[in-house]
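Across the two complexes that follow, chain A remains constant while its partner is chain B and subsequently chain C.
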Partner chain A sequence: MASVSTYVPSLELVERIANGEISAIARMISRAEAGMPEAREALAEIYQRAGRAHVIGLTGVPGSGKSTMVSALAARLRATGSKVGIVAVDPSSPYSGGSILGDRIRMTDLSQDAGVYIRSMATRGNMGGMARATMDAVDILDVGGFETIIIETVGVGQDEVEIAKAADTTVVVSAPGLGDEIQAIKAGMLEIADVHVVSKCDRSDAHRTLTDLKQMLTLGVKGGKKSEWRVPVVGISSFDGTGFDELMKALEGHRAVALHSEMGRQRRVAIAGFRLTKTAENLLMERFARACAPLTLDFAQRLHRHEGDPYSLAGELVAASFGKE
Partner chain B sequence: MAQPIRVLVAKVGLDGHDRGARVVARTLRDAGMDVIYSGLHRTPEEVVNAAVQEDVDVLGVSLLSGVQMTVFPKIFKLLDEKGVKDMIVVAGGVMPDEDAAALKQMGVHEVMLQDTPPAAIVATLTRLVNERGER
Partner chain C sequence: MASVSTYVPSLELVERIANGEISAIARMISRAEAGMPEAREALAEIYQRAGRAHVIGLTGVPGSGKSTMVSALAARLRATGSKVGIVAVDPSSPYSGGSILGDRIRMTDLSQDAGVYIRSMATRGNMGGMARATMDAVDILDVGGFETIIIETVGVGQDEVEIAKAADTTVVVSAPGLGDEIQAIKAGMLEIADVHVVSKCDRSDAHRTLTDLKQMLTLGVKGGKKSEWRVPVVGISSFDGTGFDELMKALEGHRAVALHSEMGRQRRVAIAGFRLTKTAENLLMERFARACAPLTLDFAQRLHRHEGDPYSLAGELVAASFGKE
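On to the complex of A and B.
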């Protein structure tokens, strides 16, 4: 293999990232995504320096207008002087492992602005709406001087709620015409919102969705957990700009409460805890995948022949895999 | 597991024909690559910005409008200004053979014209990325 590249060590990239150099930021994110052992020390240094940015998580069903809204929201944030980093996650193919990362197309208004960085990421089999390296990318952008970082999750169903354990402020986007008031009281995605947004409010049926969500929020029983934050429902139209002043106010309001309340402090500890467990799980999975590989076929054949049941054989497989290390 | 190859498939200028670009995007996806599609009517500046931010291995520009000899010099100048030295740039579409030869002189790694089979595109990109090595 004739190598023509000159490899820049990751630790050398750190200062360049801190100076806001886009190509260094981009390369570091690639290495984090690749899980390169060489990058681990640099990522540790970056984590030490990160923690200033306001991380906004944006989630919602496919086609609810997340990308278009991110574009309009980023333009608003830019007007306040904040540099904006965007990490947009799209699904990987379960068959080929490849992906089409299409969120960027909805953000072409931002394409000439040096104060906006957009990175597309594929999930690569990670469930929950984010990619494994999403939080590393957030840290890198944070150190790179981006004051607001928006994570746009994949278009999710009802149960992909990881974003709430990663972002300072979680925005759930609902589009009109997708369900009734029973959808609105289901468990899952709607529960995690710090701010509810109803998109496409230039459409006539949007008021119905707004009403359903507002009513859902009033169903909480009195005497439940007291909260310093009242979840607002904001109707927007990325098409004509309706509602974005209110949305900006909601985001700033939640940020202020999160920074100065016990609720916010607990949330940040929970975010750290989630990141820790998730990383540990990944380490464990990698170790297990390596160790069990030579044994799996034999165990599968035994299970297939009904020489044991799934639970006991799985237990044996785990014991045999880690026992051999 | 090896990292998927990252590709930006880009359309530049007034050329509104992107069926070919979308077929290529889909082919590369099915070959296990991460593909970012620029959408239509982008400027060289927008395409290079996107390629750098996305840190793609390959920037592929599809052209059917005959402006290749204007667009590619701009792309290389912009990449140079941004200090990007290891990006693989390829061209696709319809153009005269002498232009294809001139583009390769200019630094375009490969020119894939309209008759290129999908599997050959996949093989070419894979080879170019392997030749480049780790980055």
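On to the complex of A and C.
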């Protein structure tokens, strides 16, 4: 039996992942997250094998009840027999530190189910790295036999929203009492939704949020209709279970349309482009770090002595590493 | 009188900023945030003029009471006559959307004071861009006459923590009841503190957090003592005002030491290096975006057709833009 300290080459982990071994899945996600060069060949292999899961991107502003909803949704999906992976890219997520938001009880419920795997991604380094690692993690779970994978991102920041968009089906969560309808427009979040969810519909003011959102979609906010797919607005309550049947139908319905439509194909190409760009940015940053390492101290001292400004010196540093544009 | 739609060249804004014109400050920060090339010459000029303000980086995990503390601290600083700028790099910050966390009343109090300027940075694009824009915003406020500038970042994610570190004085906020002492170590946050704050000291369990933190510092966690400066642990309550006198003294004390010590000088060089790297990364990403734009669609289609994997194709894309390493 291998001890914990034994390093298993990444390529050897691939078969174990394909057999659904959770420890292998966890290890490989960690290696993807750390950007380990050794793992790349294995991740390339995993990419070639992936593509079966239904990947759901879920986003919403802080306080919209995303995490609670994800927990309730995961329980529903489990009831249909689907294995559910959750990848959280959200510093405010309760998964981040286990107990950060005092959500221990709920997470314990889910985490005792071997058919649910929850992974919180550390938002480290450049965001290209984050998007890349998240999509690698999704592939790893996909190959590991997770049939539904939910990427939860906080709906603040362009890259976080883009990560949620890089899924088969994107869900945008709004909530009453937050002025979310306005927040959502601001962040460009309305437009990316394939399914709108209004959470906390046990509250009396939820009706207003639902109506506002439907009205905005009717008024022609882009995204109200995407060729073959009419974007639904689903009211839910994670507290009493309202709306989850409808939500499940909406998710399945969108997936069916996306799988067999030109709209779906174009979107998958766009996601491939996003993924490629983020992976390339990540590789480029690594290369830049290597190239400029011997120069940085000298340049830093020059900047500190005000012999130049951040922009001119940074331009010189890039030119020294990659030549002039 | 200039209408709103008149575009004022960035270089012309510099003098207005130096005169403390808030509208010019706001405009220039927006241009820095957007990464407008036109603004760079002006930002270079601003960099040369900046350097008078006391820049305080403040970080802590979500729920540690950072924003409430910043508000209370700003009020104290105002009482000493100091103009206070607040730059929030925190998606969970109440400043982000004005009303997101229902913090309207408090923010209204502060925002009616012309001696306080609050700016929330959108976490957009690559994190190099975020760090660069934040440091530009600090310079702009500095030249605009703000004597104390607080950078508030959420203590999750390497770059957010590094931004808080890129200040004259770094404050790490912990709170009782969050298991923060562990969170802080995990995130590498303990080590960056020049001043530790334990918030919510009106709570009965705060004593324990204070004791734990002091013990950890005594036990030799790096950062307990930084050559000329002994890192204090200050218990505060933003609710009843406890500890703010001590906190003000600690901030001033650290500043005095940092200004005149070799430790302070080395740190300023390190900050210059960080700033330079982030600015360079940002410029490099822009250049890469231009270089790879004509190639991206073809590469995305190849990835979509599984003619290669994300890593090999990304490597090709980087090589096509910058040559082989």
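To be clear about the criterion, the second predicted complex is superposed on the first by the 245 of 325 C-alpha atoms of A that agree within 3 Å, B and C clash if a C-alpha of one lies under 4 Å from a C-alpha of the other, contacts with A are read in each partner's own complex, and residues count from 1 in each chain.
The definition used in the following text is that contacts are C-beta pairs under 8 Å (C-beta built on N, C-alpha and C of every residue); 3 or more make two chains touch, one makes a residue touch a chain.
Everything numeric in this text was worked out from a predicted model, so none of it was measured.
Once the two complexes are overlaid on the shared chain, A:Leu259 sits clear of chain B and of chain C alike.
When the two complexes are overlaid, the chain among chain B and chain C that reaches more residues of chain A is C. By the document's definition of touching, of the two partners only chain C reaches A:His306; chain B does not.
Contacts of A:Leu11 after superposition on the shared chain: neither chain B nor chain C is touched. In the superposition on chain A, contact of A:Gly273 is made with chain C only, not with chain B. Contacts of A:Ile118 after superposition on the shared chain: chain B is touched, whereas chain C is not. Look at A:Ala26: by the touch rule set out above, it reaches chain B but stays clear of chain C. Chain A residues 92, 96-97, 99-101, 122, 124 lie at the interface with chain B in one structure and with chain C in the other. Residues of chain A touching chain B in their complex: 1-7, 22-23, 26-27, 29-30, 33-34, 92-93, 95-102, 104-105, 108, 111-112, 117-120, 122, 124. Those residues of chain C that touch chain A in the shared complex are 40, 43-45, 47-48, 61-63, 91-92, 96-97, 99-101, 122-128, 132, 135-136, 154, 156-160, 178-179, 183, 186, 268-270, 272-273, 275-277, 279-285, 287-288, 290, 292, 296-297, 299-301, 303-304, 306, 309-315, 317-318, 322, 325. By the touch rule above, chain B contacts chain A in their complex via residues 3-4, 6, 25-26, 28-39, 42, 45-46, 49-50, 52-55, 82-86, 130-135.
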